[in-house]
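So, here come the structures, one by one.
Next, two complexes with subunit A in common: one pairs it with subunit B, the other with subunit C.
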Partner chain A sequence: MKEVLIGFLQLFILLAIAPFIKTFIHKLKCLMRGQKGPPLTQAYKDLYRLFNKEVVLSKDASFISRIAPYMVFVSTVWAATFLPIINKHTLLGFTGDIIAMVYILALGVFFIALYGMDSGSAFGGLGSSREVTIAALTEASFMLVIFTFALQTNSTNIGEIFEKVHEFGLTAVPVSAAFALIALLIVSLAENARIPFDNPETHLELTMVHEAMILEASGRHLALFEYSSYLKLTIFITLASNLFFPIGFYKDTSILFFIIGILVYLLKLILFSIPVAIIEMSMAKFRFFRVPEILTLGFILSLISLIIYHV
Partner chain B sequence: MDIVEESSYLLFFLLFPLILSFKPKISYLIQALISFLFLILSLLLINQNFYGIFEFKTGIDFLTFSFKIDKLSLFFIGLIFLLSIATSIFSITYTDEFKNRKILTAIYNVFIISMVFVVISNNVLTFLTFWELMSVLSFFLVIFDYKKEENLKAGIIYLFMTHLGTGFILLSFILLYLYTGSLNFNDFHKVFLPENIKFLVFIFSLIGFGAKAGLFPLHFWLPKAHPVAPSNVSALMSGVMIKTAVYMLIRFYFDFLDSFPVNYGYIVLFIGSLTAIYGILYAYVQIDIKKLLAYSSMENIGIIFIAMGLSLIFKSNNISLLLGISFIAMLFHTLNHTVFKGLLFLGAGSILYKTHTKNMEELGGLIKVMPKTGLLFLIGILGITALPPFNGFVSEWLIYQSLLFGSKLNYEFISFTIPIFASILALTGAFALGAFTKLFGVSFLGIGRTDKVSHASEVDKFMLLGKSILAVLVVILGLFPFIPIYYLDYVLQNICGISIYNNIFYSSGLLLVAGDYDFGRIAPFGLAIAGILVFLVIYFFTRVYNAKIREYETWACGLDDTNLTNKAQYSATGFSQPIRRILGFLYKTKEELNFDGKKYFLPKKVYKINIEDIIEYFVSKLVWVVIEMFLKIRYYIQPGIIHVYIAYIIITLIAFILFIVGK
Partner chain C sequence: MVKFLVEFFGALSLFIAIAQLSSNRLNLSIKIYQLQSLFLSISILFIGITFNEFELYLSAFLNFIIKTILIPYLLFKVVEKMRLDREISVYIGITNSLLISILIIILSFYISIKIDISGEVVAKQIFPLSLGIILIGLFTMIVRKKALSQILGFLTMENGIFLAGSSLTKGMPMIVEIGIFFDVFVGALMAAIFVFQIKTTIDSIDTSKLSNLRE
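Moving on, here comes the complex of A and B:
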């Protein structure tokens, strides 16, 4: 019973913190640019506002458009249900491991890409095509990073991986971890449609990827898409922070450890969001056909990390 | 043995549909019924530890038809009949518009019989007889629409390649015969061979059966031949015919060859992963639905061979638990591929039946005119792209786990490189996702691109039923993987003498890998329940909260309805353009842009793109070089100059005189 409660708590934390992280990164960028930036509650307000608006569907859209927002959101929540953040007892930890998580996130990509093509607009197809291309090229390096940790910890269960990483620390294979970190950073930026792969702030620019697919979305559909993208970003940051900053993941389930765990987790999230903001500030978006180059870099880094681990 | 002998007469039931071929509808119906009965029978027999050998002696001395039914062959029989149920029901109305329906029905029925007999053959001659029968019949089915030149070309390449394969199969059988003095498969069991001969048998069988299965680089006939056959036959060819090659390779490597070094498995693993990635990269750029599916068959065969290579590696190392897991992963993926590829080919058949085109660029918006077919097709796609919680995911997950175990082995080179194969598998999965997003997105979603779509309508109930059976299986095999694995475990006991069912399951029936090699666990059923719950909660919450939906035209930068034509939407060619450009070195692309008449004022542009298989390109180049060489030699011998011929005559004369004198 306690485990179920812990599971719910972790899921709740993830769901609650996700919009904050998005706004936090945005605010940070604004501050660095010398702008005032939105209040930190902006994403919550956005979601609330969108949920209240009516949905406008294209008359050419099929039932795919009606279910895709929900499928995308469900797949992201699914992934969140077995991502431990402070304790290995997750809500659905028994139903899937880290490989399942990768594939479940792919389910979201599949439906969002279909959504893009559903209304027959040129933007949607463009976005879908690019999203699928980027996803295809990222998947291999993502899997290699995962394999590095699965082999280190003898498990593909995310809870086990986190626990063992926290137990042994990264001192055993520091170089391998460094390479894996950079590879995971590249993968996360690509998967979450951030600069240099895609610009989350623009609309109506022919270079957009993620935003192009959901251009037709409105009202609660758009809210679900937005919420899933916040959640996905948070999932990746959680993954990175728990793998590469092994503090605050306790076996102990007493209240005190929980409070410490949550505080440390929040700190870690903020810490790992800062590089994302800095990268977005200091770089321009890449031309689409230069994206494969940096993805190849990610792949090679993850390969090196795996090989170094073996040596 | 008597019971076995008598029960073998059950196989004569297979002749019923053949005899009734002059009434195609009844024939297909009976075929479906009989297939269903045989499927149940083979499942029961697997459960009962059935093992039987029966022989038919003929007047000729050495020609004895010998058959053996064990659990491996029962599994493959089950596979054939499983797909046959669906395709036969589908064919009842699908074959309506074919001209020579009766002939098609007859060939279709014999084709199924020949596949069944290939799987139960127990000596070389029986096997070769039915193997040839299967190949030749499938050749006839490929060229069934013989008036199209494309089909004839594909058929001839297919016939050539399949006989090339049979030649290598023959070579490996000859080697086995030389060392056993027998043609009976039973005598090949764990035969002792010298190392180098063993390697030859291994390589020859891999080439021979690989040519049938569509292994890289002997694959190029497959994407040509499978799409041009009638769709019900394409489903059978992609779904089970290429699996007979997998079956025979399992016989060779797990039954005939006793023990072999670890690099045999590595070779299979390597070729398998090459096949997988090559297949899916080409599937990604196709615009012909059936061609895309054929290339994706190649990909899946590659994945099956990855699992086979892993199980061979584990077999050489005598790690029985891991051997079991990868062996089951291999057979599970074989089963899964049969189910979803059958479903997708039947779906493509439905599209072809209603729109008379399989070119994605002429389709679009089909989901509005064929909603049921669209939904079934979507389920097939969710299966083939290995998305949880559908069936493809479970088998690919098992293969991922086997790969992880493989990199724990004590061979430095293997443990070093196996993660790369895992990343290739991930890459393959991701490209499959892209390829099928494109397939579904372009042909089913959006606005119809030609009139063909607006004239289409939903297919009738037989065609829907045939697909529904397979669609239900996609879901069931995914949600309850312990049902197929329960049966596959019997096959494993039969072939490898081990059972791992208890090792990979919780007591509550969830899938898990445990024991000394604890890696991870999944429970697709729990996952699905959770997903549905979350879906319903969110759906009803948002609907109750705010259910307003308004329909309006698609936004197109302010252009109104009259200006927005269907040409504005993304095309299949455009969808795959980024990959075509990024991985340009892989494709042999020919692009052409023609201006029709006027060049500057509102010209009518015609864009043509042709993507050729690069291996096919090289092979045809090579063939051309060889032929040219021969022609050059011929040219020197026979230049058409009269002096040379006179010289020949004189030389011959002198040679004769010398010969006589010398005597």
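Moving on, here comes the complex of A and C:
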């Protein structure tokens, strides 16, 4: 019973913090540009506003347009139920491991790509084609990064991976960790449609990937898409922060450890969001044909990290 | 913990050496070199903290001044003054050269298992890392056509040699170190002048055109 409660608590924290992280990164970018930026509650307000609006569907839209937003949202939340943040007891942790989490996230990508093509607009198809290209190229390096940690901890169960990383630390394998960190950074930026690969802020037709697919969405559907993209970003940042900054993950399940764990977790999230904002500030978006080269770099780094662990 | 940081920043230098292979602009390459020198100085600083040697602190500082500020400044000036074409040109494409770089790194780690280093070593992995940086610098010199990219490959190699030297020897004598820095700086200066000469003679810094016949 206690484990179920802990699972619900962790899922609730993830769901509650996700819009904040997105606004925080945006705010940080605005501050670095010398702008004032939105208040930190902006994403919550946006979601509230969008949920209250009605959905407008194209007359050519099939049933896919109706179910895709829910499928995307449900698959992202489903993946979030696998992810421990302060304690290894998660809601669905017993049903699958970290590999299941990666592919459940990929299910969301599949439905969002279908959604982009469904309404028959030119932009949607373009966005879907690009998104699937990027997703196919990132998948291999993401899995290799995960396998590096699975080998280090002799487990693919995500809770056990985190627990053992927090127990032994990364000091035993610093070289492997450095390469895995950079590879995971490249993968996360590509998967979450952040700047060198895609621009989350524009609606300029030639540059968008993720935005192009959800261009037709409105109201409730748009809110679901936005919420799942916030959640996906938070999932990646949580994964990175728990793997590479091993503090604040406790076996103990008393209230005190929970409070410390949650506070440390928030600090880690903020710490790991800063590089994302700095990269977005200091780089321009790549040409699309340059993207495979950078993703190859990510793949190579993850492969090196796996090899070095063995040497 | 300090050993962890030595290896971590050494690994980041190797990552930067690989990233050098994936850059497609001359300016970006120079910036990447700058970042590599920065990580190298941090790594040497931590080696210095481990051994607590004054020479290593000094060499970390000189490394920072010369390789992170002076040489990149000089190279940026060269690019700016000669209005070079910023695109790089390569013999082997970026994706393929990245794939070959995996083999190079496996090789350097494989070789260094066999080498038995006697004496006190600051961190076990730092030697294969610096070997990897040296070989990737060499590879950069081979695959890039433009003279400036080749200079950057040479400087990357030199960074690798420097990392290996500092980690294996507890810091070289100060006079040797200052001599090396002077050599590198003058080398970069002369190479820049060379680039200028190549540019004025054949109107391009593409070294593959050097063998073309001219009247």
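The working rule: the second predicted complex is superposed on the first by the 310 of 311 C-alpha atoms of A that agree within 3 Å, B and C clash if a C-alpha of one lies under 4 Å from a C-alpha of the other, contacts with A are read in each partner's own complex, and residues count from 1 in each chain.
Just so we're on the same page, contacts are C-beta pairs under 8 Å (C-beta built on N, C-alpha and C of every residue); 3 or more make two chains touch, one makes a residue touch a chain.
Predicted model, so just to flag it, every value in this text is computed and none were measured.
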When subunit B and subunit C are modelled together on subunit A, clash or fit: fit
Partner chain in contact with A:Ala178 - subunit B first, subunit C second, else both or neither: second
Partner chain(s) touched by A:Pro292 [first = subunit B, second = subunit C, both, neither]: both
Partner chain in contact with A:Leu271 - subunit B first, subunit C second, else both or neither: neither
First (subunit B), second (subunit C), both or neither touched by A:Tyr70: first
Partner chain in contact with A:Leu303 - subunit B first, subunit C second, else both or neither: both
Per-residue touch tally on subunit A - higher for subunit B or for subunit C: B
Touched partner set for A:Asn154, first subunit B, second subunit C, both or neither: first
Angle at subunit A between subunit B and subunit C, C-alpha centres, nearest 10 degrees: 90
Contacts of A:Leu40 with subunit B and subunit C, given as first, second, both or neither: neither
Minimum C-alpha spacing, chains overlaid - subunit B and subunit C, in Å: 10
Subunit B/subunit C common contact set on subunit A: 292, 303, 307
Residues on subunit A engaged by subunit B in the complex (per definition of touch): 51-60, 62-64, 70-71, 73-75, 77-78, 81, 92, 94-100, 102-104, 106-107, 109-110, 113-114, 116-122, 124-126, 128-130, 132-133, 135-144, 147-148, 150-151, 154-157, 215-216, 219-220, 224, 288-289, 292, 299, 302-303, 306-307, 310
List of subunit A residues in touch with subunit C within their complex: 170-171, 174-175, 177-179, 182, 290, 292-294, 296-297, 300-301, 303-304, 307-308, 311
Complex contact set, residues of subunit B against subunit A: 364-365, 367-368, 371, 374, 382, 385-388, 393, 397, 400-401, 404, 407-408, 415-416, 419-420, 422-427, 429-431, 433-434, 437-438, 440-442, 444-447, 510, 518-524, 526-527, 530-531, 534-535, 538-539, 542, 545-546, 548-556, 566, 568-571, 574-579, 581-582
Residues of subunit C defined as touching subunit A within the complex: 1, 3-5, 7-8, 10-12, 15, 18-19, 22, 24, 94-95, 98-99, 101-102, 105-106, 109-110, 113, 125, 128-129
